[in-house]
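Paired with chain B in one complex and with chain C in the other, chain A is shared by the two complexes that follow.
Presenting the complex of A and B:
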C-alpha cells in the first residue's frame, strides 16, 4: 500500500544495502550512525569469526581425538559461540530494521532524525536496556548458561567412563531418558525418589502451613497475655540459620549418642528409635524438623494479615449471631488464605527443592538395597549424589531436566491463575 | 457464668499449647548452647547443663593457630556483604526498568525471571562447577559471589518490582516535566521512596549466602577459603560427634548475631513480602 502512495522506494533500497551493516544508514544520509554500525559489526565479525566457527565445530562433534580434544570444554565453547551468534544476529536484525524504518520515513517525506535527535532518542528508548544490561549479563552467564549446559548434557553419555580428557563424550540422543524409564534399577529408583519427593513436599509443607496458621490465630486471641514475647519466641526458628539447626537436630537424633534416644525417650518410657538407619523413621524425623523450621515464616505472615483485619467485621458477625466457629471459617480463614496464597505456593516449590534439610540431616540416607539413591533422597539431592559421588553427569542432567519441567509447569499454572499476573499490563 | 468458665478453659488450653510449642522451639537451641559449654569433645559426653561449664571451645575457635573459624567467619561476612551490595544495585536497576518502562522484550523478560526464580540455580550444579573450572573461578570467592548475585536477581526483581508498582507514576512524570533526567528520577525520587523494599532485598541477599551450603561446597576447595556453613559442616562431618562441642560453640557465635539482626528487621520482611507478594 505504501508503494502506491510513494514514488520513491528508499525503504527497499536501504534494506538491501544494509545487508552490509551501515550502508543502508549511509544511503539514508545518517553518516555517523552508519559508521558506528559498520565499525561495530566488522570488528564483531573479525574478533569472533574464528571462535564461532570452532565453537560450532566443537558442539557438533564434541571432539574427535581423545586426550587432545576436551569434550566438555568444547561443549562450553559451543554454547558461548551460540550465545555470541544470537547477540550478533540481534544487532544485525536491528541494523536492517533501522535502515528500513528510516527509508520508510524518507518515502513518506519525513526528514530523518538529526544526530542530536538520534542521541536523545537513544537515551530515551535505550535507558531501560542500559539499566537491565549488567544484571542481565550476569544472569546469562551464571543462570541461563548453566541451564543450557545441563539441557545439552542430558543428551550426552558424560559419566565416569566417558570423561575427558582421556575419553570423549558423545551425543546419544534420548538414551538417558530411555534408560531412566527402561532399566530396572533406574526406573525403581526414579519412581521411589519421585514418590517420596511428592510425599515430602505435600507432607512437610502442609504441616508447616497448618501449624503456622493455627498458632498465629491462637496467639492473636484478644485476651491472651504476653503476645510480644510469645511471638518473638515463635519466630526464633526462622531467625537462626537453617543449616545450623539442621546439623544440631542431626546430633540430637543420633541413635547412640543423641539426646532424643538417650534422654527424652527413656524419660517418656520408650525405647530408642532407629532415626538414622530406618528410612521410615528418618522420613518422619525430616518432616518434623521441616515443620519446626518452616512454620515461623507462615506464623509471621498470618499474624501480619490477622492484625490488618478490621474488628468491625467480627463485631458485625457477633451482632448477627455468628458462633466462634462460623466467624473463623467465614471471616478469618478465607482472608488469611487469600492474602498469603502466592507465598504459600512458593513454600511448596521451596520444599520440593529443599536440599539442605535432606542432605545435612542424614545425607539422603539410609542406603537402600536395589536402588542408587538413599531412602530419603528427593530429586534434587539425588541429582547431587549422581553428580558428586557416582559421576553420572549425563543421567543427573536428565533428572535435572525432568525436575525443571515439573517445577516450571507448576509455576506457570499457578501464576496464570493468580490475579496479580492477569492484572499486570504486559504490553 | 458459663461464659466466663468457657473463656477460662479456652485460655488455659491456649496457654498449654503455646507452652508446649515454646518448649519444643527452645529445647534444641538451649541444648546447643549447653553443648558448647561442655568441657568434653564429643557428642556422647555432652549434657544440656554441664556439671562444670567452660568456655574452652570458644577459646579454641578464637585461637587462629589451631582453628580456621575466624577465617571462615571473615570469609562469610565478606561474601555476604559484597553479594548484598552488588545484588541491591543490579536488582534495583532491573526492577525499576521493568516497573517504569515499556520496552520491547519486557514481557518475555518478566516471564523469564518468573521461571528462573522457580528453579534453584544449584539444580545446574554440574554446569556451574564445570564453568567455574573452565574460567578459573573455581575455589575463588569472586566466582561464588557472582553465582549468588546472579541467582538473587530473578526473585528479588519480582519482589522489588511489585513494590515499585505501588509508587505512583505521577511522581516521576511531574519530575520529568520539571526537567529531571532518567538518572535523577531514579536516584532522587523513586529510590528514596523504595527504602523499605531495599532493606528487605538487602537482608535477603545478605542472609542467603550465609545459609547456602551446596554452592559453597561445590566451588570452594581450600579449607582457608571455606564459608561458615561449609566449615562447620566439615567440623561435624569429619568424625561425627567427636568435635560436636566445638561445632556447637561455632554455631552459637554465628546464630546469635544473625538472629538479632533478623528479629530487628522482621517487621520489614513481613510487610515487604506481603506487599510484593500480593501485588507482584
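Presenting the complex of A and C:
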C-alpha cells in the first residue's frame, strides 16, 4: 500500500544492498551504523567461518577416521557452530530489517535518524535488552548448550564400544527409543521404575505439601502462644543440610542397629520392620523422610501467605454464619493454593528428579530379582546407574529425554491451568 | 519480501555448508601423516620430559627419589601429578587425551583395563621376558587383555581375615573352626565373625572356593559366554553364605549399601571378634585402638582355600604419549624391586614383585604377609568390560539370599540369566 504513494524505492534498494551487511545503511546515509555492521559482520565471518564449516561437517558425520576424529568433541563443536550460526543469522536479519525500515522512512519522506538520535533511541528503548544480553549469552552456553547436547546424544549409539578416541560415534536415529520399549529387560525395568517414580512423586510431594499447609494453619491460630519458637522449630529440618539428614536417617533405619527398630518400635510394642531389605518398607521410609525434608519450606511459605489474608474476609464469613470448615475450604485454602501454586508445581517436578534422597538412603535398593534397577530407583537414579556401570550413554540420554518430556509437559500443563498465571489478582 | 529473506538466508547457509567440507578434508590429511611420521622418528629419541599420574596421596616419600634415579640414568625429566585412581584418572584421561595434554604414564586398577583399552586410552607395551619374571604370575595375568600386555603391576590387594586379639586368642585355621567360635561368641551385640557376603566382591571367595567361577579361562583371556556362577559349586557356596545369615550369625544390619559402615563401626567398638576385609582397612582399625591380628582367610569346609578376588593396581602407558618406548622404560623403572620396596615402605601397598615376598620388610609385616599369602589363592578380578554386568545381578542374588527371600539355585539362575541378557544387550559381539 505504501508503495503506491511513493515515487522512490529506497526500501527495496537498501534491502538488496544490505545483502552485503552495511551497504544498505551507507545507502541510507547512516555511515556510522553501516560501518559498524560492515566491520562486525566481516570480522564475524572472518573469525568463525572455518569453525562453523568444520562444526557443520563434524555434527553431520561425527568424524570419519577413528583416533583422529573425536566424535564427542565434534558433536560439541557442531552445537557451538549451530549456536553461532543462529546468532550470525539474527544479526544479519537485523541488518536487513534495519536497512529496509530506514529505506521505508526515506520513501515516506521522513528524515533518517542522526547518530545522536540513534544513540538515544538505543539507550531509551534498547536499555533492557542491553542489560539482559550478558546473562542471555551465559544462559545459551550454560543451559541451552547442555540441553542440546543431551538431546542429540539420545540419537547416537554412544556407549563403551562406540567411545572415542578408539571408535566413532554414529547417528542411529530413534534406535535407542525403540530399544527401550522393545528389548524385554529394558521395557520391564523402565515401566517398573516409571511406576514407582510416579507414586513417589505424588506420594512424597502431596504429603509434604499437606503437612506443611496443615501445620502452618495450625500454628497461625490467633490464640496460640509462643508462635515464634514453634515456627523456628518447624523450620529446623530445613536448616540442616539434606544429605546429612538423609545419612542420619539411613543409620536410624538400619534393621539391626538402627534406633527405630531397636528402641522406638519395641517401645511401642512393635516388631522390627525390614526397612532396608523389603522394597515396600523402604519406599514408605523414603516417603516419610522426604516429607520431613520438604514440609518446612511449604510451612514457611504458607505462613507468609496466611498473614496476608485480611481478617475482614473471616469476619464477613462469620457474619454470614459460615462454619470453620467452610471458612477453611472457601477462604483459606483457595487463597493459599492460589498464591503458592507455581511453587507447589515445582515441588512435584523437584521430587520427580530427587536423586539425593534415593541415592543416599539406600542406593536405590533393595535389590529386586529380574530387573536391572533397584526397588526404590527412580528414573533419574536408574539413569545414573546406566551411565556409571554399563556406560550406556546414548540410552541414558534417551531415557533422560523421555523423563524431561514428562516433566516439562506436566509442568507446562499445570502452569497454564493455574489461575495465578492467568489472572492479575484474585482478591 | 519475507520469502526473499528466507531464500537469502538459505543461500547463505548453503554457502557455508558447501565451503566447509573441503576445508576439513585438506586439514585431515597432513595431520594424519604428521602423526604417523613423528611416531616413527621418536621411537628411540629421548623426549624432554615424561609425565606420570599417580594415585592421590601415594607419591610421598618414594616417587621423587624414583624419578631422580631415572633422570640420572637416562637424562629425561619426569614430572608427576596426583589424581584419584578409582575414577578420576580415567575420566581426566578421556578429556585430556584428545586435547593433547595427556600424561605419558598413568596408574589404574586392573579391572578398568578392558574398558580403557576398548576406548583407546592406554596402549599395549612390550617388555623383556626377564622383566615380567620379576612379578607374580597372577598379577601379570591381571594386566593382560585379549592376550596382550597393557601394563606392569604396581601393587596387589585382596581381602584377608582381621581379628581382634582381645576377643580371639588364636586365629582359626578353618572356616568350620570360625563357625563354631562364632556360634558360641555371637550374642546380643557381639559377633564372632562378620563379612559383607551380600557384596559379590567379598562373596566371590566362598563361591569360587566351592567351585564357582565368573568367566572361564580361555586361550585368549576370559570367555564371556562361559559363566560359572550357577554351577554346582557356586550354589554350594551360596548356600554356605546363606547359612551364616540364616542362623543369625550375620545380622541384617550389615546388608546393603550402608552395611560396610555398620560392620566397621561394630569392629572398631570391639564388638566383633573377626572380619573379612582388605588391607585398606588396617589403618582405621589400628587408629580406633584395636589390637588386630591379620591372617590369610581360613580354609572352607571342603578343604579349599577361600578364593578371594585380587585387585592389581598397575602402571600403564597412555595411547597419547609420543614416546611409548621411554614411557615403557619408565614404568619398568617404577616397578622394579628397589622402587617397589621403597613404595611399600612409604605407602604400605603390597607390591607384586616376587623377590620382595621373602624380603624381611614384607615377611616380617603381619598384614603384608597375610595379603601376600592370600594372593596366592586369590583370583584376579576379571578385567573384561563384561564384568560390569556381573556386580549388579550378583549383588541382587546375594542380597535376596541373605534376607531369605530366595533359595540359592533359583537366585543364582536368575542372576546368571540377567548377566547373560545384559551382556548380550550392552556388549555386542566383537
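Just so we're on the same page, the second predicted complex is superposed on the first by the 372 of 427 C-alpha atoms of A that agree within 3 Å, B and C clash if a C-alpha of one lies under 4 Å from a C-alpha of the other, contacts with A are read in each partner's own complex, and residues count from 1 in each chain.
Simple rule for what comes next: a residue touches a chain if its C-beta (ideal position, glycine included) is under 8 Å from a C-beta of that chain, and two chains touch if they have at least 3 such contacts.
Quick caveat, the model's predicted, so the values are computed rather than measured.
J.: Applying the touch criterion given at the start, work out whether A:366 contacts chain B, chain C, both or neither, answering first, second, both or neither.
T.: second
J.: Which partner reaches more residues of chain A, chain B or chain C?
T.: Here the partner covering more residues of chain A is B.
J.: For A:57, select first, second, both or neither according to whether it touches chain B, chain C, the two together, or no partner.
T.: second
J.: Figure out whether A:76 sits in contact with chain B (first) or chain C (second), or with both, or with neither.
T.: So A:76 only meets chain B here.
J.: Going by the contact rule set out at the top, does A:65 touch chain B (first), chain C (second), both, or neither?
T.: second
J.: Let me test your reading of the model: by the given contact rule, A:15 touches which partner, first (chain B), second (chain C), both or neither?
T.: Only chain C is touched by A:15; chain B is not.
J.: Should A:257 be classified as contacting the first partner (chain B), the second (chain C), both, or neither?
T.: A:257: touches chain B and chain C.
J.: Have a look at where A:408 lands relative to chain B and chain C in the superposition and call it first, second, both or neither.
T.: First partner only, chain B.
J.: Where does A:150 make contact in the superposed view: on chain B (first), on chain C (second), on both, or on neither?
T.: Touch status of A:150: first partner only.
J.: Which positions of chain A sit in both the chain B and the chain C interface?
T.: Comparing the two interfaces on chain A, one with chain B and one with chain C, the shared residues are 73, 250-251, 254, 256-258.
J.: Show me the residue ranges of chain B that touch chain A in the complex, using the header's touch definition.
T.: 7, 10-11, 14-15, 17-18, 21-22, 24-26, 28-29, 31-32, 35, 42-44, 48, 89-91, 93-94, 96-98, 100-103, 106-107, 109-110, 114-116, 118-131, 134, 146-147, 149-151, 153-154, 157, 162, 182, 186, 207, 210-211, 213-214, 218, 229, 232-233, 236, 240-241, 244, 247-248, 251, 254-255, 258-259, 262-263, 266, 269-271, 273-274, 277-280
J.: Hey, which residues of chain A end up touching chain C in the complex?
T.: Interface residues on chain A, with respect to chain C: 15, 19, 49-50, 52-58, 64-70, 73, 85, 89, 92-93, 96, 100, 159-161, 163-167, 183-186, 250-251, 254-258, 274, 276-278, 362-363, 365-370, 372, 385, 389-392.
J.: Inside the complex, what are the residues of chain C that reach chain A?
T.: Its residues touching chain A are 1, 4-5, 8-9, 12-13, 16-17, 19-21, 23-24, 27-28, 31-32, 35, 97-99, 115, 118-121, 251-258, 262, 265-266, 319, 385, 388-389, 391-393, 395-397, 399-400, 402-403, 405-406, 411, 414, 418, 421-422, 425-428.
J.: Any idea which chain A residues touch chain B in the complex?
T.: Going by the criterion above, the answer is residues 72-73, 76, 123-125, 127-129, 131-132, 134-136, 138-139, 141-147, 149-150, 153, 215, 218-219, 221, 223-224, 230, 232-245, 247-252, 254, 256-259, 292, 300-301, 303-305, 339-340, 342-343, 349, 353, 355-356, 359-360, 380, 383-384, 387-388, 393, 396-397, 400, 403-404, 407-408, 410-412, 415, 420, 424, 426-427.
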